[in-house]
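Labels A, B, C, D, E, F, G, H, I and J are assigned to the chains in the order they are written; within every chain, residues are numbered from 1.
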Amino acid sequence: MPESEQDRIPGRYGFDEIAANQLEAWPNSYPERDYVTHFEIPEFTCLCPRSGFPDFATIIIDYVPDKHVVELKSLKLYINTYRNRQISHEASSNAILDDLVELLAPRWMRVVGDFTVRGNIKTVITTEYANPDYQGPRPELKRFLPAIG
Amino acid sequence: MPESEQDRIPGRYGFDEIAANQLEAWPNSYPERDYVTHFEIPEFTCLCPRSGFPDFATIIIDYVPDKHVVELKSLKLYINTYRNRQISHEASSNAILDDLVELLAPRWMRVVGDFTVRGNIKTVITTEYANPDYQGPRPELKRFLPAIG
Amino acid sequence: MPESEQDRIPGRYGFDEIAANQLEAWPNSYPERDYVTHFEIPEFTCLCPRSGFPDFATIIIDYVPDKHVVELKSLKLYINTYRNRQISHEASSNAILDDLVELLAPRWMRVVGDFTVRGNIKTVITTEYANPDYQGPRPELKRFLPAIG
Amino acid sequence: MPESEQDRIPGRYGFDEIAANQLEAWPNSYPERDYVTHFEIPEFTCLCPRSGFPDFATIIIDYVPDKHVVELKSLKLYINTYRNRQISHEASSNAILDDLVELLAPRWMRVVGDFTVRGNIKTVITTEYANPDYQGPRPELKRFLPAIG
Amino acid sequence: MPESEQDRIPGRYGFDEIAANQLEAWPNSYPERDYVTHFEIPEFTCLCPRSGFPDFATIIIDYVPDKHVVELKSLKLYINTYRNRQISHEASSNAILDDLVELLAPRWMRVVGDFTVRGNIKTVITTEYANPDYQGPRPELKRFLPAIG
Amino acid sequence: MPESEQDRIPGRYGFDEIAANQLEAWPNSYPERDYVTHFEIPEFTCLCPRSGFPDFATIIIDYVPDKHVVELKSLKLYINTYRNRQISHEASSNAILDDLVELLAPRWMRVVGDFTVRGNIKTVITTEYANPDYQGPRPELKRFLPAIG
Amino acid sequence: MPESEQDRIPGRYGFDEIAANQLEAWPNSYPERDYVTHFEIPEFTCLCPRSGFPDFATIIIDYVPDKHVVELKSLKLYINTYRNRQISHEASSNAILDDLVELLAPRWMRVVGDFTVRGNIKTVITTEYANPDYQGPRPELKRFLPAIG
Amino acid sequence: MPESEQDRIPGRYGFDEIAANQLEAWPNSYPERDYVTHFEIPEFTCLCPRSGFPDFATIIIDYVPDKHVVELKSLKLYINTYRNRQISHEASSNAILDDLVELLAPRWMRVVGDFTVRGNIKTVITTEYANPDYQGPRPELKRFLPAIG
Amino acid sequence: MPESEQDRIPGRYGFDEIAANQLEAWPNSYPERDYVTHFEIPEFTCLCPRSGFPDFATIIIDYVPDKHVVELKSLKLYINTYRNRQISHEASSNAILDDLVELLAPRWMRVVGDFTVRGNIKTVITTEYANPDYQGPRPELKRFLPAIG
Amino acid sequence: MPESEQDRIPGRYGFDEIAANQLEAWPNSYPERDYVTHFEIPEFTCLCPRSGFPDFATIIIDYVPDKHVVELKSLKLYINTYRNRQISHEASSNAILDDLVELLAPRWMRVVGDFTVRGNIKTVITTEYANPDYQGPRPELKRFLPAIG
């Protein structure tokens, strides 16, 4: 039978996977359609650039892939890299958009950073990219998971 | 009185119906109107192409029939054929659209695959088809059943 | 004091009112405006054309009257006439639209049949009529009562 | 290809199954435990004993089986037999309890009839049976489906 | 860059992990307290013993450990073994309780199987075990995730 | 065809029915059981005794009948008699309890007056009667309709 | 100390204020902007023109003022004048719009009468006015208070 | 016509009423019953004793009156006196209880201070008084208004 | 150990920070994009200009920055300056818009003042500014926190 | 004007405050009452002991103070110390209880760790302490903030 928790050596592979991760693109199998992929990531956390105290957010990404789609596990690990970074609400939302646009060259993409209340104020950042000649769907923002305060 | 559960031979007709099923088209009795049929199917499950672990989704279909409507029981059995297939979120949503467009040649159709959370990320795929000269309604996505995490 | 329930003769006037009813039109007192009347009727039931088993729906009607409005009690009794009819989801929604358009010649009308789940699939039918030169409001579907599964 | 709806002969097997049905008891495979089975049946309808107009309810049954459990399909068909009966709210809830107690001789059973509003008043009937020496769980009423007005 | 989905060989390690899994017990680090562990597992599926068609449930487990706690990953894999079994609602809920009581010898445990609607009836099974001299908490059932129809 | 609204003479039978009404008791067909009848009446209104301005409430009644049950239509008309009375929140809730206890001599009864906000304060009055030797159920207050502010 | 309720003479100033009230217009301090004022009035009641029985509604007003805004207390008292009037759903909603347009000459105004269920049917009336050359916002209807059945 | 807002002299009677107010007791007309009065006051605000920044709460009072009930308007004005006081969450909840017990000598009373989040922590204080020989109802806390974050 | 609350001298730095505060603009790091910042501030309070009694609101701001963004702490302190001002619903919403437009010269901004009920009427003010040549997003109003009555 | 974000040196005082913090006890000003303090802390995060990946929870604390209450800011900083610790769900919940019982010697305390889903399973730990002769309130768990998945 295994030992009790305090006698075990904690596992570290999560640290290693996050450190080694590169955002990864896969071929889009349906380039003939403007279909929309929506991601909700309710477990984003980073650190406030003014104080170092933690911030929490749900990141909501909608995009229409062109030649590539993002690989889901590499996206999860990428989101984890923000945990120890000091970065503002505006900067993290725009940086996620920058990084994914650079990786995927999507037809259209929107990133929403829905942050929890700080100083009695709730902040949500919405930032969007479109290929200049894009004519396809730009759906209104829609939450599929219950919202977090 | 019947025997207890462990003494009965389990029934198998569900397996047979799923295996024998063909998606079935019926004549549309109201071709003179662009009316919308909305289906919500909260019990979709398939297997992850990377690991073989189960995935779960609600499939939401909206369409405007032209000459044919889909027969409801054959649609239910068709959805059951995914239970043992290894297929990605993007592929299953687009495959359902492909199969129904081929069967029905609808004026307009949208398929949404609303998958439960995997790796802390929720994924929803929205893919759409329209007859080139279609001018009718394209309603915003609307859930009629309570959403599933 | 009255007798107990099992000794009373049940009343039958509801049967008679339903059987005798004609959908009734009244003059529209505000023809100078394109105003919208919304009805929600959560107690529609009919019988499945394949099996004879009961189906249940909420019927949602939105319309812009022209010269006439529908009388509310006659609408309630009309809805009751479906209780013992075998009719599909598509057919009942379109038949209600046909009958009300014939009665009222409205400027615009939409009928939604929001049916409960059958065979693990929820079905909602949306069918619409507009006078060819109608330019007024066509509001997005909105529920005012809590939805029923 | 099948004919259109108006040309088909409606199926009648649902009528026959309801008419032929007997509530059916099966052996309880876990008589050594006081476990609770909860049923929610949102599609009950009957007729008002005063007027003949339809009434609608959700029937909620909780019970602790002794030697027998109720067979689910026979319960569904039994509930359908109320569709054309004129019966009050109190009488239908108590009759369901009477019939199931007679069939199953359960250790404990509670039947709730949660009726929709009539005359601006909502009525809910709760009626309960317990074997005289029953000491097991009597859980507070809990809804698992969204309530219907 | 990786190949497209249809050219990749699907991964199988999930199948292997499920097949090889044994429910695993770990030492309880806090045996001096009657603390409650609550699990909600919204992705249970099995097959109906009468027909072979799929059933879906949320399994809710509350228990007070004695010497052992259940290892979470082995519990997840164990739940997956029901996917291809034909088993009734009563039997699966009681079997999960039997297996976990045998593994853990807990002070108290309750298993709830909250199944989706079948034949217009929703079924929830609640089954409970207590060590004969147990005096600690038996909390009312409480859902922490949104309920599924 | 009927005339327009402004040309019709308004009907008065509602006034007459309310004025003529007496609360009416019917025999209880199930005196052998302590069953609970729950009423929710969301359309109570009266007048403030200090100012004459309107007040609004939902009245919630739970009772266990002894020899008699209240007739539903006479209860609806009785509630309407408060519309033009100046009476406080405490007094109306207790008066409804007094009147129904006098009429029915129930085994147990609870009346709740759930009033809308006045002066930024919401008030709810709960008042209860029990026959001295009553041992039956006294269920916690439960709302079946959505609450009104 | 004050006397008990039954010994006090009820106050009447509310009656007097309602009887004496005139809808009152005040200057709009921000005529340079097309801003929207939204009112929700959940305590509207009037009498049915066919029967004299009470009706209940929430009145929702959205408007863009031009030179004048409505004074809030005079609006509250105006709404109270409907309490003893026999008037249909269509007529009250349109009359409120007529009266406020006459008083304020707004750039745009919409009045919604969201009535509670009568005869198993819920009715909502939406009626709108716009100055012929109005180009400003016409927001979708949005409820800020929880809806009432 | 009135002047525009910036030219009017603001009214001050609210300040005067709050300053002059004394909590006021009225005779209880139903001392023969242990009935419960529930108040929800969602607009409490005071100032933090450490910083002077505002705090916000909903105050929820449940009590069983003995000889006296609290007069509602004097309670509203009393709650307003906290607006400019520096007082902790524990102290304000207990002070309200102290003041009302002193005024009313109730049979039982509970005061809940449900404060909004500060420093990422939500605080709710529940404090209770009972007459030593009190045997009546002590209802579980129940919210009738939607909760505020 | 610290003294008890009544013996401590209350801290005053919050008063000083509010009095000394100036709304502060910071450079926008992403001027190349039309991104939207959404703020929800549920703890706004001011005083009624007619009576001096408190009013409460949630302020919802959406804006597209041009060269500057507002510094969050200075916005929080600015909102606090309204606590002791007598100002109408229309005036406070428009004044917040005026002050922020003057500070930031945004591309687009909308301010919503969602006030709690007064005199049985709920009021919400929506006021908007756009740079004359602005072509970017103007999202529909969306609440991310639960609404307050 | 301040520099843009990328040119500023991030502030570090949050790191220092968390590192320097000691949980702090203050005198209880109301020791004569068994009053309950409830805390909800929705922003707890730690690291999984098996993998090092982040875990997230809401911590819910209810306690009845004896001689001391916990100082709120020191509690917030204490919760932050878990951010970089590898600790299981059971261990963190019990450790918080251990630390607070040691600090405060409360009459009664309950700590709930409501963790987000991992491996498709949601886990909630409830652990409780009571002074041996404690007779006061032990309220059922109640959430005041919306739950997080």
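Here is the rule we use: a residue touches a chain if its C-beta (ideal position, glycine included) is under 8 Å from a C-beta of that chain, and two chains touch if they have at least 3 such contacts.
This structure is a prediction, so every number in the text was calculated from the model and none was measured.
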Reaching subunit F from subunit D through chains that touch each other, fewest steps: 1
Report, in degrees rounded to the nearest 5, the angle of the rotation taking subunit G onto subunit J when the C-alpha atoms are fitted. 180
Quick one: report the Å distance separating subunit C from subunit I, using the average Cα coordinate of each chain. 46
In whole angstrom, the CA-centroid distance of subunit B from subunit C equals 28
Which positions in subunit I touch two or more other chains at once? 5, 29, 42-43, 90-91, 116-117, 120, 140, 145-147, 149
Using the touch definition from the top, list the residues of subunit C that touch subunit D in their complex. 5-6, 8, 10-15, 42-43, 45, 47-54, 56, 80, 83, 86, 88, 90-91, 116, 145-149
Residue ranges of subunit E in contact with subunit A within the complex: 1-6, 24-27, 29, 71, 146
Which residues of subunit E touch subunit J once you look at their complex with the stated criterion? 28-30, 33-43, 69, 72-73, 75-76, 137, 139-140, 142, 144-146
The subunit E residues in contact with subunit D across the complex are 89-91, 93-94, 114, 117-129, 140-141, 147, 149
